[in-house]
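Each of the next two complexes has chain A plus one more chain, namely chain B in the first and chain C in the second.
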Partner chain A sequence: MYSYFIRRFLLMIPTFIGITFLCFTVTRFVPGGPVEQAVLRYQQAMANTSEGGGGTSDSAMEQGQISEEMMQQLKAIYGFDKPFYIAYLHWLWRVLHFDLGTSDTYSRPVWDLIKEKFPISIIFGLTGFTLSYLICIPLGVWKAVKHGSAFDTGSSVMVFIAYSIPGWTAGVLLLMLLGGNAFLDIVPSGGKESGYITEKSKLSMFLQQGALAVDLPAEIRSQYPKLRDNQQISANHPAFAHVPSEKRFQLKTGGHADLNFVGRLLDSMWHMILPVFCYVLGMFASKTVLMKNSLMENLGQDYVRTAFAKGLSERTVIFKHALRNSLIPIATGLGHMLSIILAGSYLIEKVFNINGFGLLGYESLIARDYPVTLGILVIGSMLKLFGNIMSDVLYCIIDPRIRFS
Partner chain B sequence: MIETWNKYKKIFNVIALLIAWAGLYSVMPAIGEKGINPSYTTEAVIALVLAAGFVVYILPLLVSGADSFRIFITSPIFRRRWGKFKTLKRGYYAFLLIIALFVLSLFAEFFINGNAIMVKYQGSYYFTLFRFISARTFGMRGYGNPNYRMMKDVFSVRNKERAERIKAGNASEEDLKYEQWGDDWVWLPIYPYSPLESLLDELPTRPPHPPTWLTGEWRKAYIGESLYQLPDSLPTPEEITEKFKRPDWVDLEPAALYLEMAHAGMLKLKPEVREPGTFQHILGTDDRGRDVFARMVYGFRTSLSFSLVVTFCCYLIGITIGALLGYYGGLFDIIMQRFVEIWSAMPFLYTVMIFAAIMIPNFWMLVVILVMFKWMGMTYYIRAEFLREKSRDYVSAARAIGCTDGAIIFRHILPNSLTPVISFAPFAVVADIGALVSLDFLGFGLPAPTPSWGELLGQGLANLTKPWLILSPTLAMFLTLLLVSFIGEAIREAFDPKQYSRLR
Partner chain C sequence: MANELLKVKNLKTYFKTEAGIAKAVDGVDFDILPGEVLGIVGESGSGKSVTSLSIMQLIPNPPGEIVEGNIIFEGTDLLEAYRRKDYDVIRKIRGNKISMIFQEPMTSLNPVFTIGDQVAESLVHHKGMTPKEARDYAVKMLELVGIPSARERIDEYPHQFSGGMRQRVMIAMALSCDPSLLIADEPTTALDVTIQAQILELMLEVKAKTSNAAILLITHDMAVIAETCHRVVVMYCGRIQEIADVKTIFHSPQHPYTQGLLASLPKPGQKVRRLSTIEGMVPSLFNLPKGCSFCTRCSKKHEPCENVPPEMVETAPGHFVRCHLAKPMQSV
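And then the complex of A and B:
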């Protein structure tokens, strides 16, 4: 048993190396990488300046040509100066020290970017995941108990519909229908929080007291050089405490940060409705059917017959005997939770413009920001590998009959 | 079947070699453009080597595999299950409908196309459907592909004028020749718009154009671009109440009044504006002015063929490897199973996104990328089937009478283990369509002008106020996936029946 898990852990190493090596190699050998893009940017910049009439004397510079020396420097910046296997080993060595490199577009450590975006995706995904369990398990159980009834048939129609429409597609559709674009205006049209709350918005009743930045005492003011004179600050701002009480006033308009706790919570929840619905829709069909079939299978087993024969009530047989056993395949799915959430996030975050992990991955691909791309791949594949092991562990914990070898 | 193949093996092999060579060679320039492959001779040699490899190693496998599939579908048990499938009306009719639609869409060029099917000009007939014929040939301006819709109008006007001239007795020399030639005509397809053709020149307003039967939307667009001919003076209050019978308009500002009048259809368009017919573009146009309906139909064809090809290739590889693992077992089985395990641990969507984003693939490259990361699913099932079937008596009997491994695999075990292939195929097709649409939506799918649902959805997300850009692909995809999953459900019920028994 333990040897099985040790073997699984050891197997993670070649898997991880295989995945990252494959993708690292692809980023190396296909034209249009960061060095080429930098050269292109440089040439465009040069073309613009020479059009502007700046008479540079160097003719090579004027044409935007790049000397061999500069090319070497550029390659060194992006780590393209070494053969790819050496570069891969260097990269792997740094990854083992939790250094995923620096993003080309954001000029920030990739690790920081991921740490910043990851919780956003997790909040959306986890809410969807939990909700889908809360909906699918009772529904599946009820469908199995009432197998063949009108309720079963009716909910099967729903399952078919949910199966035939990918969650993110429904997201685009609902954004058009409900997002205030073509028909109704009852949900926000994307993002994770309101940017600007007008007086008309119902959220404006949750706005806090505020003050103008100009009213701050000078020594406090100098700590926040980014504030403009007429900029509002709300009670959530750390400097607010220093504003004299007579200068404070009730805010009429403002952003997400100017709301009080309840307002911020409501605002976030309001923005979560559609994305979370999409996550749930994406998992709805398969999970409901899995739950139903699993329970149906158990209800046909001999031990259920025995339980009935010894005179237990239907409720006890179903909920105490059959349901427990039929939850096993559903529960092992929990291990893959994070990788399922991340797989959904690439599309759903693009649709709803949520600035999370998935959108970061998408944008890094568009911008050919390879350090970020590879960083996301590292995190994604690590989560998937741990997910595989987690589901095996869960299997062992839940079902004592299982012995891996 | 296999007997015929064996009889004419050499001829078939040579034909296959030539076809494979030609096919591979025609794909190769795509690689050559990127500077990997320097000369045509090298390309031809590489293509020949690959084609020879295909004929020697892969073709026999394919032929034997096809023969096992024939044995499988002619077996009485398959016949019985197929009979069961036919009785499940919903799935069976969905199957017939999808087949019919797909076959019809393969001939979409004949129904939905900007190119005419046939043209008669000055007594000669031209088959223009798949051929480029310069506009000059037909006496039109320009050297490009003629606009056949416009040509049809021009021809009919010319025909009419000619008839009048002949009637009046002042016919020219050419007119007299037409007495022998007969009138010119253009035979257009039923829906004469191509999916790739931008209609900016023909439609008055800016794209995306609404469906042509949405008169209100069009009127809004006309007002927005001031294409209405405004009357010389504002209508007086008396006119509004008595002639228009709309007393509530009296107090409106002029701009608002004209807006209301335009919506009620009381204003006339400027004379140079050519209004489209009611059913000219039944689903409107996209943001580059291309007909959405045409793109939807061609997108259906692309999606379905793509997913069928991907499913087929995945199953081919999955079955081959699964069969080898299950039949031979041993060290090969252990190593390969670890490899499959490693390969399946890739985060599928993101890895495919990386490959597709970096390589900018065409149709076949995208197939290769998807197959590369998707073939593993079937191996488990086939391996399990082979492990089970291998220990059956009929296999021992076959071995006892001296069958070779190949014969045992292809003639005995494989036909008995193809049930999971059939019952999983529809769901694999659903997944592949979903994958293609997602990739196209993200912009990592098929290259730019290819008509596809995902690309249209992406446009819809950028133009959320234009419902036709979202509703059309969503509905098309929904209906297709629904039909395919009906088929899948029925096939599962017919081929893999689970009888649930319950006490009460």
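And then the complex of A and C:
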């Protein structure tokens, strides 16, 4: 069995190469590839500066054209000066060293961008994912046990509705209904934390003590050159401890960082409600139905009849004998958790303007930021391949019948 | 007789289906004596399984329901408790006083629990043993049913056992609580011919070694009946057609259906190319004849058969026949 998993790990290598080679090749041959994008950006930049400069350049040639030399340089940057398979090998070599290139739009290393955005998506996605399991499993079990009852029928209507509305569409509708400055104004309109808290906001009661930057002792102040004189700092700021106590005051306004722990927690949760709801909604129908059907199927099995024939109570039969078996397909889904979360994050993060992995991917696609797109593809396919193996491992653990060889 | 172990009286179990009501068991009466092996024989669909599942109250509901009758076990009316919705009565008896072996050994064990856990479960449940005691006892039972190196194999899962071995496990499980009645619903049908005889022999052997439980053995194989049973119940279309001890059934069967079943048996020393089987098809339960349910296939059908359902008559002491041709015994 271990040799099976070792083989699976080794098989990941050609699969990974296959996926990335295909995508890499496609980016080489589509119109509007990386070099053309760069040229376009350059031309736009030139056009802007020449307008700003009052039209000193009079030749249309200079405005639009790029010298042959520059073109060669650009091609070299993106590896277009070499045949695509050589370029792919170069790219792969760099990927193996965690160098995914530099983003065209952010001018930052792609790896840094991904490292920065990934945890944000994971927090939102994992919360939604966990919550969906916590809701769908008991609901599915109950529906199976009460199959045909009013409760079952009623919840089936809910499942049906949830099935027909994609999570992000519900997000748009709910934002229009409940979002900030909208109809009911109950939840924020997006983002992952409040930018500015006014005195009217309920969160203002969680604001901490603060002080003005001018009141800092001079030698401390010089360590934080970015602070402006009239800028507020809160008790969370490392320099705050040095403010003399008579200069401290209770903040009336501020940002997320100026809240105390409870306030920050509440603020984050407040921002998470709708996106997490949409994540759950996206997984709700299929998971509930899967759980119900799986349990129903097992309740009809011969071994359940055997368990009843032993004189066990209905509870024991359902919750010990049948449930254990029916959880197998649900539990193996856990292996794909990360891929599922990331796949769901694209549109939801776009709708709620959450600055995570999904939004990064979405925007890199729109902006044709090839290094970022390819980087996300690398991470995504790695997670998918690992997810497959994880599912198999879970299968092995839960189901004694499965022994891979 | 007052000392019977189980008495089934006028049992009716119906299934409500889209095509109508299937009277799978329609007025069945018989009893089982302590320690006796009683066979129920009949073609597929005659209601053998439904009868046994009704005794255990394991009829899937819906669509099935026990609509009438009494099942008196050791003096307690199980169906009366069932109608009172007092399900504790049967729960204390199932797997304890009455246990059951099913036709499908491949699927009757839970795939995710070890053999040991499954055998020990009823011991813990009914006998109040500690898991440790139950485990030791389970090893003993598995040795008794002939599982080699039982102490090691007890921690294996059902898929690691062959069909015959699984049926042995089922027997060990069924007999572990010393039941006074063991219901075996075609325990060997799904097994290899060579293993069938072993399993039957094993059941009788283990029965003798333990509490000498009565056995209700369901089969459609007359040869099995001949080898194992004391008395035989012949069923057809949800009704009992003939009851007698095994000798009488084989030597002087009264009912044309029983005669047909026996004629389909190959006799030793007799060279037959074709086994004679009963002509025709079992009628649909939704479309039973008005009179005798066997009249569509009976070679001795005569005038009243199609319209008047025959009554059960006792032709000799302990020999009951449901046929217009049967002569009641001379009351002296």
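Criterion: the second predicted complex is superposed on the first by the 376 of 405 C-alpha atoms of A that agree within 3 Å, B and C clash if a C-alpha of one lies under 4 Å from a C-alpha of the other, contacts with A are read in each partner's own complex, and residues count from 1 in each chain.
The working rule: a residue touches a chain if its C-beta (ideal position, glycine included) is under 8 Å from a C-beta of that chain, and two chains touch if they have at least 3 such contacts.
Bear in mind that the values here come from a model prediction, so they are computed numbers and not experimental data.
Once the two complexes are laid over each other on the shared chain, residue contacts for A:L134 go to neither chain B nor chain C. Once chain A of one complex is fitted onto chain A of the other, the partner contacts of A:D399 are limited to chain C, with no touch recorded for chain B. When both complexes are overlaid on chain A, the residue A:G311 reaches chain C alone and has no touch with chain B. Once the two complexes are overlaid on the shared chain, A:V214 sits clear of chain B and of chain C alike. Once the two complexes are laid over each other on the shared chain, residue contacts for A:I77 go to neither chain B nor chain C.
Look at A:L89: by the touch rule set out above, it reaches neither chain B nor chain C. Touching more residues of chain A than its counterpart among chain B and chain C is B. Touch criterion met: A:E297 reaches chain B, while chain C stays clear of it. By the touch criterion defined above, A:G179 reaches chain B but does not reach chain C.
305, 308 are the residues of chain A that lie in the contact sets of both chain B and chain C, per the superposition on chain A. Looking at the complex, you find that chain C touches chain A at residues 56, 58, 91-96, 99-100, 102, 104, 107-113, 121-122, 125-126, 157, 159, 170, 173.
The touching residues of chain A, counted against chain B in their complex, run 11, 14-15, 18-19, 22-23, 26-27, 30-32, 147, 160-161, 163-166, 168-170, 172-173, 175-176, 179, 181-183, 189, 293, 296-297, 299-300, 304-305, 308, 314, 339, 342-343, 346-347, 350-351, 361-362, 365-366, 368, 373, 376-377, 380-381, 384-385, 388.
Residues of chain B that touch chain A in their complex: 34, 338, 341-343, 345-351, 353-355, 357-359, 430, 434, 437-438, 441-444, 457, 460-461, 464-467, 470-471, 474, 477-479, 481-482, 485-486, 489, 498, 500-504. Those residues of chain A whose C-beta lies close enough to touch chain C in the complex are 301-303, 305-313, 321, 324-325, 328, 398-401.
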